[in-house]
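Before anything else, here is the set of structures, which you'll find just below.
After this come two complexes, each holding chain A, first together with chain B and then together with chain C.
Let's look at the complex of A and B:
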């Protein structure tokens, strides 16, 4: 049998699913695009940043989103001397847990300082946005120590 | 709020175990597991057709292939057909599933095994994929950096001291002396290399049997007198990093505090986590017999926890311990914790 006579069908490998980030993570990411940071209120009034659709301890559904400040405090940190290939940052930086003013839980991000001596727990920092934001955690380029208050 | 402590209805014991860990293994997963599974079956004289249930733990993310554990079943020999299950977790959770199966009353013997072979790829990449996919994973922190965040909190809040870290590293064998520890530069400040795990390839195989059968297969069965596992929040930003409530609760429910512990085998891949776990579970910092092999010196994803159970059982078989604790963890920063108590006495 000639090859053109054989019964055949094309095989196209595809991933025919789309994921949505949902009403809470989606709102947070959209907020980043607009250069604001949203948290979500728990039943006890405390504010989770980054927000989740449910309370991580009680599993209650959460819906009350609130905006928090773009300044905050370093809760803990570590130094990354050699960023990995996939890292959004090319040069050495601190990775820190940062509690934004108005939030009760910290989020993970980079603090853009040149050396570990320039940073300590309690340092006040401010968000540095990327020029072009697209609704992604990387819309935050990192955090910068606030001038005149860096100790 | 968690209800009464669960008392095992059927007494189950670990009757044989075999394990292997190497920094870089040339054998593939099947070749690694064949001798181990053969060894435990030979030790007990059981043939695969005598084994009621086979349960394994491994990671498709490590193997880079969906259903990779099906291939490793070649090491067991699944023909004629066997009753089998798998967890995408450390083998300690396969052990738990098997214990539950015993409690259901449907089996008298079981084979449990797990393995991990991280050397061909990047384990740090695999570990990053277990982090929150929207908020954390896109920033690609490696596991040492994440551990460094917890370490600084523990040190700055005075929960542990740098001297304790140095002593723990010496006990774990990652350095010879305190001086050597302090001469190391920071790896993920405030962690030095000696505080962080060396990753190894490896596997563990184990046979369990119920009371009545266990005594036939082993001179001194290591009886499971309590086992429990618990979980904390996934996002470590919402956790108090100076505490591990899930480990504390699992230890309590497993009955750790019902008597003295002679051997404590902890699955802690970092010095900071070893010290924190001892505090949370209520163990002395330097117990008599808990220095066989620290997970800090050789950590094998998916096998370290089951290996801790094997080591605890060996303590019972060697009559070094009458009561031994084994602990396993999974997830970022001790998120999930399993605690098991083994005893030389069935009561």
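Let's look at the complex of A and C:
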């Protein structure tokens, strides 16, 4: 066979999905639009945030949604120095598992600090809401450390 | 549906029932040897197939191997630009991101001498006249627009020749054996 320069070309796959939420995620997103965070109560009284329709251990249906606080604690985190093009965030930030006060499970979201030195496991954080909310996880712009807050 | 209880602060507010979750993936596509060979000749308005070393089946477009046997296929042959419709579908409902006038016909095209088909558009043919076994030919883009892309062939149009028999159309030709030459 003749020798040629190897071919390559950009290939973009894009799907404009709209998904139905179901009753539990729907209520969670409704809460975000109203700037509150909902979890769901298990039989033993513990609260899952984000909520699930079924108990992850017993598989029983869960129905009792409760509001949790808008403050919480960083359980673990990693630093994102160069967010990718598709990232919701343009600037360097932390991605963290955040356990909100009143919840027993952590939620994955960003902590908006300028450098990794500003964050530690255990740092107390507070939700920063977007001005305009629409019922999407991005209604939370991120979390901010509570240093200086009266907490 | 299960009744979910929510805090009273959400009483009476419009519930969220759907959420947009668009997905976008950006790849750099690097074709393998078979696809590269095919694409270079496609840019010269030639359609290549490969011959299976196992039973001589002609596979187009080439994928480098006979997937039935896992056998390497490195013998390329040039194919004619005519064939028949093995099966087809008339689309009457618009699909987001696909800008084609409705209704349009997509069909499995079996080139003369080929043992497998490929999916492409059929036009210059009213949907009610499209048939399994109908003979078609390629309509290419103007020469100056031809490149190494699947878009070289705009669509396939009827040749006006007599149909091939329904029983011999499409993948049926695959099963009846090469000796019958049912696939025209």
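In this section, the second predicted complex is superposed on the first by the 129 of 151 C-alpha atoms of A that agree within 3 Å, B and C clash if a C-alpha of one lies under 4 Å from a C-alpha of the other, contacts with A are read in each partner's own complex, and residues count from 1 in each chain.
Operating definition for what follows: a residue touches a chain if its C-beta (ideal position, glycine included) is under 8 Å from a C-beta of that chain, and two chains touch if they have at least 3 such contacts.
Being a predicted model, the structure only gives us computed values, none of them experimental.
With both structures placed on the common chain, the touch criterion links A:95 to chain B but leaves chain C unconnected. When the two structures are aligned on the shared chain, A:77 is found in touch with chain B, with no touch to chain C. In the superposed model, A:107 makes contact with chain B only, not with chain C. Contact with chain B, but none with chain C, is seen for A:56 once the two complexes are overlaid on the shared chain. Shared-chain residue A:138: touches chain B; no touch with chain C.
Contacts of A:30 after superposition on the shared chain: chain C is touched, whereas chain B is not.
In the superposition on chain A, A:86 makes contact with both chain B and chain C. Comparing chain B with chain C, the partner in contact with more residues of chain A is C.
In the overlay built on the shared chain, the residue A:66 is in contact with chain C alone; chain B does not reach it.
Of the two partner chains placed by the overlay, only chain C lies in contact with A:17; chain B stays clear of it. Common to the chain B and chain C contact sets on chain A are residues 21, 25, 29, 86, 136. For chain A in complex with chain C, the touching residues are 1, 4, 6-21, 23-27, 29-31, 33-34, 36, 38, 53, 61, 63-67, 85-86, 135-136. Those residues of chain C whose C-beta lies close enough to touch chain A in the complex are 1-7, 9-10, 13-31, 33, 36-37, 39-40, 96-97, 148. For chain A in complex with chain B, the touching residues are 21, 25, 29, 48, 50, 52, 56-57, 75-80, 84, 86-88, 95-97, 105-110, 116, 121, 136-138.
The touching residues of chain B, when paired with chain A in their complex, are 124-125, 128, 134-136, 138-142, 145, 148-153, 156, 186, 188-191, 233-235, 237-238, 241.
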